[in-house]
Structure formats: structure tokens, C-alpha cells
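Consider the two complexes below, in which chain A is the common component and chain B and chain C are the respective partners.
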Partner chain A sequence: MKTDAQMDYQAEHNRMIRRARLKKISSAIFTLLGYAVIIIIFITPFLYVIGNSVRNSQQIWANAYPISWRSFIPYEGLTLENYSQSLGIGDVAKGMSFDISRNLGISLLSSVAVVCLSLIFNTSAAYFFGRLRFPGKNYILIFVVATMMIPQQVVLVPLYIVADQIGLINSFWAMVVPWYASPFIVFLLTQFMADLPLEFDEAAIIDGANLWQILWRVVIPNTIPGLITVSLMEFQFIWNEFYWPLIAISDSKLFPVQVAVASQFTESGPNWGIVFAAMALASAPVILLFLFLQRYFYESVAMSGIKG
Partner chain B sequence: MTDAMMVPKTGDQKWWQKRKFQQYAVAFLFVLPALINFTVFRYYPMIWSARASFWEYSLLGGFKENIGWENYIRMINDEFFWDSLLVTGKFFLMYVPAVVIFAMALALFSNQKKPGMGTIRAVIFVPVVTSFVVVSILWGMLLNKDVGLVNSILASLGFGRISFLLDKENALPTIAMISIWKNVGYSVIILVAGLKGVPEELFDAAVVDGASPWKQFIHITLPMIRRQLMFVTVWATLGAFQVFIPVYSLTGGGPRRATNVIVYYIYSRAFKFGEMGYASALSIALLLILLIVSVVQMRLLRRDY
Partner chain C sequence: MAETSLQSQTQKQSGAANKFWRSIKESLGAWAYIAPAGLLMMFITFFPQVFQAWMAFTDYRITNLRFNIFNPETWEAFAPEMVGFENFIRVITSSLAIENYDFVRLLTFNIVWTISNVFFHVVLGVIIALALNAKTLYGRRIYRAIFVLPWAIPGLIIAFTWANMFDRRFGAINQLLGLVNEWFGWAINTDIRWLESAQPPIGGILSFLPLSFYAVLIANIWLGWPFMTVIATGALQSIPTELYEAAKIDGASGWQQLWKITVPLIRPAMIPAIMVGTIWTFNNFNVIYFITRGGPFGRTELLVTQAFKLVYEQRLYGVAAAFSIVVFIVLMILTLIQNQVTHATEAYYD
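And now, the complex of A and B:
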């Protein structure tokens, strides 16, 4: 026989278990709802681009309204024609102005060039600030850090005037030369290098290594993750840069892909299929890099956050 | 004897000094290319445009005539300039609080220890690495009044179609919405990093004390990630004052100057009207405004610590 108190206890216990279960279920539902909302808001637009890039413009218009699953998921008349026209493959594409293969090449070339130059010059500058002795070094560092106070978009009109003076305007080099060094990246790499123990260098000096050899054999091998991170930052910056090439380049043959896509959008008229393909091509490289190297992208955000 | 001892010593000293000098010279070569870049492409443009702002300056003719403060007087009387500052201010008010609040909500949500959260964070971050031009065009298409997906959904649900970008009232909030969608992931990652740094024991202690989740958030989470919150705010503010790409690719400053933000106004003065001198003066003014804003915000940040 159970006493009343025991019965009460039992009932209370059951109630608590039920409440806990309910809470668990509602929290799971809440989480699932959150997933759904985030995925709809952040992924649908990309699916829309990819889906529409593989069908022709009539199909896009026909499925735009009324809304159905067909608006999102292409189901018939699938074609890669938009991509082949964007990349200038085939005879039809040759006669049209939608070919952005050249622009993709220019973007790739300038991004890779800036990444390489930045690796050379930012790394050596960071080596100077992080490892070498020099009278008044801190004042020079202030000179560098102070440039980070000058916001990018503000300096572009003045930069245009200077680039015009040295004859950079409307040449491929306009997209490379001003960016071969970056105060921000020098600053980040300096912190990275300052964290390495100085004994490494001392051991190398005893072995008779010079500064250059220390940089190559001691400092760089220990800074690889940092170098990958800043290279990705630099690649993303140049590949996605728009305002500077927009003003610095007026010859459409030299447009990087972002500028080419923007001008295609205004000139394409109803030819949206091709614009969708061009958009996919213009954003795919950095997105793919991100998907495979997420860690380094987050690292770059975290590092810029430390600065604040 | 003493003299003879001294001579090699001073010679030694000299040689030592010379070697030190050489060492310094070699060291300096490592930083020189970067310093040249910052001088030529960051400092010199500012000095040059500060000078150009006092001249009637054109790209072909160079410095034509010294006109003193005329560009600045013109700026003070330029109704479009004040209008663009007002538009930028409105954009700031729409953009910054929304970025901070959404980033906070998304960071709290995606910091839970549940399966798939890493993917969710990646999903939120994808727009950050996508080019802003592509993002702008994409949203321009989605929000198109006649054929855009968003309006198709609205119309299918029986609502009226909304003119997002061609309406004077809607255009600026739409530009702000697109910018938030594009940039919020960056702030989310910063705030998640902050949240990961909050010691679990603090929450355990609070639960023992019977603190509600809301109280835990106000009294533990917020104070612990204050630094990251301030950073996100400063970052969003600097971004708000420099918005350009969505305006350029979607509205061209219109309709009726409703999205004519300051950077776009400078762009149109410089490259549509060729008034480089006046555009330089405007750039200098914007630089000063941004310096003041960031100094004020950094002061606020420092006062807390």
C-alpha cells in the first residue's frame, strides 16, 4: 500500500517527466524551425540562381508566376547553353557579347598576382616588424597602422588621381599594383610572427644563417596557417572588388568579371538566363574556396575581430 | 701605451657601428617595398586630393586655377550634399541596429550544441564571401516587381505586388535589407567566437541561483561579449557610411535621390560630371566625418574598460 504522500510524490514525478519531455520536444521543434528559416532565407536565392542558370529565358519567364515548385526547381528543357555562351564556347557564342571567359581570366590573373606579391611584401614587412631590430621601429609601425584608419571607399577617388598620374589607369596593372601590400595584413602577420619564440632565430643565427635564411627556414614554416588565411583574404578581396576596377578600367576588354557582370545586367535586356550563368561563374570560385577551407575564412574574421 | 690601446678600440667601435648600420640597412630593405606602397597609394592620394580640393582640377587639364575654399563653400551650400548625408544617416539607422540584433540572434541560435550547427553557420556566412555585385543583382531580380520571386510569392498568396526598388519610400530600406543579408554572417562569426569564450560555470552558477534564460543573457552573456558587440557595431557603422555597390547596381541613387548615399554622390560628381576637385573636397569631408565617428566610438569602447 502506498501512502498518500508517496502517491503525491509519484504524480509529481510523472508530471515533471512529462514537462521535461514536452520541453525537449518544443525545443527540438524550435531548432528545426530555426534551421528551416535560416536555410530558406540564406540558401533559396543561391538555388534560384543555379536553377535558372540551366534553363533558357522563356522557361524562366514562364515559371516566374504563378509560383510553384517549378519556379525553384528546373524540370524540363534543361540546358547548359547559358554557361557555354557565358564562356564563349561554340559558334553561336562567338558572335554574341556575353562571353565573360576573358573577364574571368583577368580576375583570376589579378587575384593570383596580388596574392603572390602580397605574400612576398607583406610577409617581409611583417618579418621586419615582428622579428628584426631597428631604431624607431614602433613609429614606423604607427605609420603603417594609421593607414588602416583611412577607409577604402573614401580613398578611391584620390587614388584614381594618383593612379592617373603614374599611368596606371585603364591597364591591367591598375588592379594589381596599388594592392601589392596591405597595412592590415602586415599588422596581422606581425602579430603571428611576434608570437614565435625568439630562440628559434637565435639557434639559426648560431648555425650561421642570415636574415633571409631565417625568414625562409624558421619564420615562414611556422606561419603557414596565417599565410594561408591572409592569402584567402587577399584573393577574396581582389576577386570581389568592384568599385576600384569600375572607375580605374574603362576598356571593356580589361573588365574583371564583377564589372563585366554588372554591365551585362544592365545591357542584357530580357536575357536573364545568361546573366544567371554569369553570376554563378563570377561567385563560384570564392564560394568553393570557402566551402573547402572554412576554418581559414573564420580565422580571418576572428583575427580582424581581435584588432577591435 | 694607453693611446695605443685606445686606437684599435675606437677603430673597433667604428667598425662595430658600421656593421650595425649595415644590419639596419638590410633590415630596412624588408619593410621598404611595403612602406613605398603605403606612401604612394594611401598617404599621397590623401595629400594630393587635399590639395586638389583647393583647385579647379580636372583629369586632363590638371591644376587649372587656385580657387581657395570655393569647393568647401560650394559644399556647404550644396543641397545634394546635405541630402546625401541625410540619406546616409537614414541608412545607418536602418542598417546598424538590424545587423547587431540579427547577428546576436543568429549567433545565440547557432552557438547551441546541436547537430548541424556548423553547417548553419556556414550557410549564414556564404553571402559574406559572395561578391556584392552578384548579391545585388540577385536581389534585384528576386525583388523585381513583375517577375521577381518575392513578388510572385506575395501575389500567389493574394497580397499586392510591392515595388521594392522603384518606390521612393521602399528603395532605401530595400538596399539596407540586401546589405544586412550580405554582411550579417561576418558579425555572427565574431559574436560566436565571443560566446565560445564565456565560461560555462557562470551559467551553471546562474541556473543554481534560479536565474531565467533572459536574466542569464542580460547579466552574463551581454557583459561577457561586450568587446565583440562593440567591434560589430563599429564595423557595421563604417560599412554603413561606405555603402556603394547595391546603390550603383540597383538604383543609381534614385528614385528621386532617395538612395543617393554619400559615396555614390562622390562617385557621380567625380565620374559622371568630371568634377575631380569638388569630388576631392567631398572625399576629404567624408574622411573627416568617418574619423570623428570612429574616434567617438573607440572612446565609448575604451570607457568600458
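And now, the complex of A and C:
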């Protein structure tokens, strides 16, 4: 048998629990709404590209004007023809300049080449700065950091002339050679390696290992996350690079994919369906890499805070 | 007495020198690791800069491209003429024979562009990070994946998409305004020439900014805030909740908590991000070059896009080199000012 006071207390308690629960639910709804708004604003332009890449030109125009949800979300008459034309599959694309499969290949080759070369050369340079003993090493590192501060666009003119004089201009190597040793990457890797305790090296020396063996057996296995992070940054940089290849390459057969996509905006008006498909194809590799390696990507964002 | 101390000093010196040479000899193996990357950096980073400094004082033109420093036979015939500081003077006093070139306007526009962009990036980025900083982040993976997009998608493609959206007749923005008119019975002008109109929308002191400035500003804000949100979210999650609980007990309002706890504690993470963001925005080639192309009448030209045009359209290599050195000096001053401001505010908070 409960007294009135007890009953009151119980009711008050229940009310409080209910109110707390309501507050929790409403805040959850609020957060979700916030997400929804941000995602809609943020993702709409991308939807526009993807949505239009699976329609033919007629359909794109029919849906683009006047605007409605149909402009963004394709619902009928979907076709992959734009993609196949973009990749040069089928007869229609032959003889037209829509085929970007070659350009995709060039971009992929140059990005992979830079990443591989950079892993070899920058890792060994970072090993020098981070682990080895050498008089005056810190002065050299200061020099490296200083060159890192200079924006790329500012040195493009002399870089062009130097590249021209050693015969790089208008060749595939113009997209690889200037970038494989990057002061920024060396600096980042040096930071990663400096985090490793020096005792590891000392123990290896006692076991009779030489410098090369220490690099391979001790340092590299312990800096793998750092190596993945810088490889990701480098791949993205080369893949998305537009400015330098635009200057350095004038032969359309050697265009990397970004320049090839830009060149599809012709005077006579682009074929929109194919342009949208080409855009999607040119963005896909880096997006996929980033989605699978998100953890390393966030590390690289934090790392890019060091540059400046 | 003096003699002996001198002797011992020289002995000490030669001892130190010996030690230095010995350590060099011992570290010869280390050279092998730096040499390949070091040589390339000398060639690709250091040498072009020296070359650029020399070019800036010459009238290097398209005919001089046949000049090759590695081939002495070309020196006589194709070497550019030295012109002293003429290039620098022409760049700064705007006496180049190029349409719509005005150095002071370029610099002013570039600074206004940078400050307004970074301001909105930081404010919006932090506000959104605060709004989304729930204890249990629903769909955190999705949200993080979406924020990756602006980095992952090539700048060129983002810029084209936005240029498309600002199209006068078929662009999404004007059409959306039309829809808004339809829904609410308003009468907003739906025939806005976002990128072409030379008429400044705001008069007075801001009348040097055409409508296209606001258009690219919107596009670049959209592009830039996720970076600040990612950094701010990371910093917010490392703030211990006890601080807010203690503040609540002391009777601090939400506003006070924001300014006394949140802002000072995310500051150390935000400052480097702001510095990076400033340099990026200052040199944001893609957004300007592909959305407005510097127009109308060169009013939205940045220093970087102008430098590009000097090389690619005008082919004035000597002038472009001088221009690049001026840009570099501007950037250096900017970085130094930024460092000063950062240190000053740090001292204030400590």
C-alpha cells in the first residue's frame, strides 16, 4: 500500500524519465535532420554529374530544364552508352575524340610510377634525415623544409624551361620526373621515422645488421601506416594535377585524364552525356582509394596541417 | 702563458677538425641514401629558382626558348638580353601591354578573396562541427566518407560543375530561384547573369567586386568548409566532458561555455589548419580559372591565374618570372604576418 506522497513521487519520477527520453529523441532527430540537410546540399552537385552520366543527351536536356528532382535522380531510360563511348568501346566512339581510356591509362601509369619512385627515393632520404648520423644534417633538413614552402605555381616557368632543355617536355616523363622526390613527402616521412625509438636500431646493430638491413627489417616495417598515408597523398596529387601537364604536354595522345576531360569542352559545345561520364571516370579511382583507406586519409589531413 | 693557451687552442681546433673529418668518413654510407633524392631536388627545386631569379632580369621571350644552358653553342645566338629591374617595375606599375592588367587591383582582390573565404570556411566549419558533435555520432562512417569528396574529386571537375550551375538560362541556381518564386509567390529575378555581369551588386567600398566574385565565393565556401569541419571535429572530441560539467555547476551559460572552453581548446588545432587554408585559398587556381576565367574584365583574376596567363597566353617568360618572384614575396610577407598574429594571440591566451 503506497501513500499519496509516494504516489506523487512516482509520478514525478516517471514524468522526468519521459521528459529526458523525449529530449534525447528530439536531439537525435535534430542531429539527423542536420545531417540530412548538409548531405543534400553537399551531394547534389555530384548527383547531377552521376545522374546525367547515365542518360543520353536528349534526356539530359529534357530533364535539366525546368529543374526538378528528375534533374538529379535518373529514373528511366538509363544507359551505360556514355561510359562505353568514353572508354572507346563500340563503333560510335571510334574516330571521335571522346575516348579517354588511353588518358586514364596514362594518368594511372604516371601516378603509380611517381608513387613507386617516391617510395624508394623519399623513404631513403627520410631514413637519412630521421635515423642516420651525419654532421650538418639538420642544416640540410632546414633547406629541404624551406624549399617546401614555395608554392608550386610560382616555379612553373623555370621548371618548364629546365624540363624543356633536358628534353622532358611533351613526353610521358614530364609527368613523372619532376615529382618523384618531394621535399614535403621527405619531411613527413622523417617525422614518421623520428617517432620510432632509436633503441630498435641499436639492438639491430648489436645483432650485426648493416644500414640497409636496418632500413628494411626495422624502419620500414614500423612505418607502414606513414608510407601508406604519403602514397595516398602522392597518388591523389599526381592524379588530380592539372596545371603542370597543361603546360608541359601539348600532344593530345599524352594528355593525362584531367587535361583530356577539360579538352572535351569544345567550342562547338560538348556532348554532355559523355562529358559527365568522363568526369565520373576521372574522379572514381581517387574516391575509391580514399573510401577504402579512410583511416590513412584522415591522418593525411591532420598531417597537412604541418605544411604551411 | 698566452702562447701556451694559443697552442692548446689550435690543438683543440685541429682535434675538432679531425673529429669532423672522421665523422664524415664514418658517415659516407649515409650519403648513399640522400644522394638520389637530393640530386633531383637540387635540379628540380633549387636550380629552377636560381634560373627564375636570373630570368626575371632578362627579356626572356618565346624566341629565347632555344637557348640552352647545357649547350654553349646556343648561348650566343639565343641568350636573352639583360634588362635590369625593368620587368619588376612594369609588373608593379601595371605598365604591361596586356588587357585589364592592374597589379594593385589584383593584389587587393586576392587578399579580399582569401580573407572572405577563410573566414566563412572557419565559421561554417566550426558551427557545423559543433552541431554534429553528438555523443553518439549516427552514421559517422557515411558522414566521414562524404567529407572526403572535396579532396578526392579533381578540382577541375568541381569547378566545371559549378560553372554549369551558374549558367544564365539552364543553370541550377537561377532555376531554383524560379522554383522558390513559384512556391512562395515571390518575384526574385531569375535571369541573373552570375558570371558575366560587370555591375557590382554592392556599391560603395565593395564596388570593385563584381557579381561573379560572390558566385565563386559560394562555390569555394561549399568546397572548403569540410576541411575545417574535419579538423574541428577531431579537436572537439578530445575536449574532456568534465570541463563542461564543471562549467555548468559554476552556472556558466552555453554562450560562455563556447567562448571560455570550446574556442580556446580547439584553437591549437585550428591555427595550423587556418594557415594551410589561407595559402591554399590564396593560390586557388582551379576555382577561379574554370568558373569565371578571371572575368568579367579581369576583375576576378588572382595572382596565380594571372601568372598562368602571362606564361600560357602572352608567353612573356621574363615578365612572368618577375611576376612570380613578386608573388613569392607577397606570400612570404603573408606567412610572416600570419606567424606574428598567431604568436600574438597565443601570448594573449597564455
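In this section, the second predicted complex is superposed on the first by the 269 of 308 C-alpha atoms of A that agree within 3 Å, B and C clash if a C-alpha of one lies under 4 Å from a C-alpha of the other, contacts with A are read in each partner's own complex, and residues count from 1 in each chain.
To be clear about the criterion, a residue touches a chain if its C-beta (ideal position, glycine included) is under 8 Å from a C-beta of that chain, and two chains touch if they have at least 3 such contacts.
This one's a predicted model, so the numbers in the text were calculated from it and none came from an experiment.
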item	value
Three-chain arrangement built on chain A, chain B and chain C clash or fit	clash
Partner chain in contact with A:216 - chain B first, chain C second, else both or neither	neither
Partner chain in contact with A:287 - chain B first, chain C second, else both or neither	both
First (chain B), second (chain C), both or neither touched by A:243	both
Partner chain in contact with A:38 - chain B first, chain C second, else both or neither	both
Those residues of chain A which chain B touches in one complex and chain C touches in the other	31, 34-35, 38-39, 41-43, 45-46, 48-49, 64-67, 71, 121-122, 124-125, 127-129, 132-135, 140, 144, 147, 149-151, 153-155, 157-162, 164, 177-178, 180-181, 183, 186, 211, 215, 236, 239-240, 242-243, 246-247, 258, 261-262, 265, 279, 282-283, 286-287, 289-291, 294, 297-298, 301-302, 305, 308
Contact set on chain C toward chain A in their complex	20, 23-24, 26-27, 29-34, 36-38, 40-41, 43-49, 51-52, 55, 65, 68-70, 128, 131-132, 134, 138-139, 141-146, 148-149, 151-158, 160-162, 164-165, 169-170, 172, 175-176, 178-179, 222, 226-227, 230-231, 234, 269, 272-273, 275-276, 279, 283, 285-286, 290, 304, 307-308, 311-312, 317, 320-321, 324-325, 327-328, 331, 335
In the complex with chain B, residue positions of chain A that touch it	31, 34-35, 38-39, 41-46, 48-49, 61, 64-67, 71, 121-122, 124-125, 127-129, 132-135, 140, 143-144, 147, 149-155, 157-162, 164, 177-178, 180-181, 183, 186, 211, 215, 236, 239-240, 242-243, 246-247, 258-259, 261-262, 265, 272, 275, 279, 282-283, 286-287, 289-291, 294, 297-298, 301-302, 305, 308
Chain B residues within the chain A interface of the complex	23-24, 26-28, 30-31, 33-35, 37-38, 40-46, 48-49, 52, 57, 59, 106, 109-110, 112, 114, 116, 120, 122-127, 129-134, 137-142, 147-149, 152-153, 155-156, 181, 186, 189-190, 193, 227-228, 230-231, 234-235, 238, 241-242, 244-245, 248-249, 263, 266-267, 270-271, 276, 279-280, 283, 286-287, 290-291, 294, 301
In the complex with chain C, residue positions of chain A that touch it	27-28, 31-32, 34-35, 38-39, 41-43, 45-46, 48-49, 64-67, 71, 120-122, 124-125, 127-129, 132-135, 140, 144, 147, 149-151, 153-162, 164-166, 177-178, 180-181, 183, 186, 211, 215, 236, 239-240, 242-243, 246-247, 258, 261-262, 265, 279, 282-283, 286-287, 289-291, 294, 297-298, 301-302, 304-308
